[in-house]
Amino acid sequence: MKLNDIAEIVDGHIIVNSTGGSPDIVSVCSTDLMSDVLRFATKGALLVTALNQSQVIRTAEISDIPAVLMVMGKKMEREMIELAMEKNIALMVTHLPAFTVCGMLYAGGLRSCLED
Amino acid sequence: MKIKDSIEGCFQLMGGDFTNAGTASSELKSILSKLGVSQEVVRRAAIAAFEAEMNVIIHAVAGTMHYVVSSEEVRITLTDMGPGIQDIELAMQEGYSTAPDWVREMGWGAGMGLPNIKKNADRFKIDSVMGEGTTLEIVIYTRKD
Amino acid sequence: MLKVNDIIEKIGLDIRVSGDMYKHVTGCYISDLLSDVMAHSKDGELWITLQTHPNIVAVAVIKGLSCIVITNGRLPEPDTVKKAESENITILTTPKTTFETAGLLYNLLRSE
């Protein structure tokens, strides 16, 4: 599923997308614990989180995650946004909570990333 | 892979520096990619290095991450000035953590770090002295045979 | 409205601590950050998390959550189990990920 289509489903605003295209999302990982992200085969996954720290972008970079969805309309510090731009990681924000986002994306056909 | 001689380098790590935490592993990842190391090895090395780097940031005062890349293996050694690990066997258990609550609220310290490192390494060694520090050696083979 | 034991049956969760199984599940909150759950979860919600340490029980009690579901095959720590037993808080576990558990539960709650 294209990131643009996901944005439509979850009423998301894409605030960083330095590559310009709409990355193809193959799976979803919903967590606030970064070691949990690192456990999974997350290549091409969307990371759904409420953690608004630069570490989220670092983790995405390390684990080949093309896009991060920040839930609950969490405010992000400038450093986090700048890092996402620098590392070519798309960043999207929605006012919806993680549960609604996961429910809608699961219903839309996306599935969980698998254990690595 | 086109490495003739081994290539090495070192990063300084500052305890508590959450803003820059992960930069060393991120650089290591890009160095390995440029050297032509296979994607799978790059990924495993980056993940193991990142978890180990976070351990230094969370628990120690300061430390270093040293890497050597040869045609045989990627060897990453982290040495820190930290509290040391009291019970290594316990620390290796998934879910066991001595990280304070504020670290848990930063998305780390849920006791998955060392197990994640072990999972991604072909060889893995911890030496720790209480009150002095910890040395972690992570080796990942670059060749399948 | 669905109760805790209806959900256990319908999405296949393992019971680790059996508290009030007839509590109504008013909704669901997903978070691994305790401060987030403290700030945003609502009374009667089922809480999906990866956290296993004893503080999760205190959060569930204070916020009046209907139960805790620990995902990814993680298990509550022995102290967490003890605390949950004494506070009558239900703890459930599943080998499924948070995303999958949420997907199944969302469908279930919506169809009610």
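Letters A, B and C mark the chains in the order given here, with residues in each chain numbered from 1 onward.
Here is the rule we go by: a contact is a pair of C-beta atoms (placed from the backbone, for glycine too) under 8 Å apart; a residue touches a chain by one contact, two chains touch by 3 or more.
The model shown is predicted, which means the values in this text are computed figures rather than measured ones.
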Chain pair, B-C or A-C, that carries the greater number of C-beta contacts: A-C
Most centrally placed chain, judged by C-alpha centres: A
Chain A and chain C, separation of their C-alpha mean positions in angstrom: 24
Centroid distance [mean C-alpha coordinates] between chain C and chain B, Å: 33
Residues within chain A bordering two or more other chains: 32-33, 36, 39, 51
Interface hub residues of chain C, defined as touching at least two other chains: 32-33, 50-51
Residues of chain B engaged with two or more neighbouring chains: 107, 110
Residues on chain B engaged by chain A in the complex (per definition of touch): 18-19, 21-23, 25-26, 29, 43, 46-47, 50-51, 54, 106-108, 110, 112-113, 116, 119
Residues of chain C defined as touching chain A within the complex: 27-33, 36, 40, 48, 50-51, 72, 96-100, 102-107, 110
Residues of chain A defined as touching chain B within the complex: 32-36, 38-39, 49, 51, 53-56, 58-59, 61-64, 79, 87, 116
Chain C residues touching chain B - in the complex, by the definition given at the top: 32-35, 50-53, 55, 74-75, 77
Chain C-facing residues of chain B, complex: 94-95, 97, 101, 104-105, 107, 110
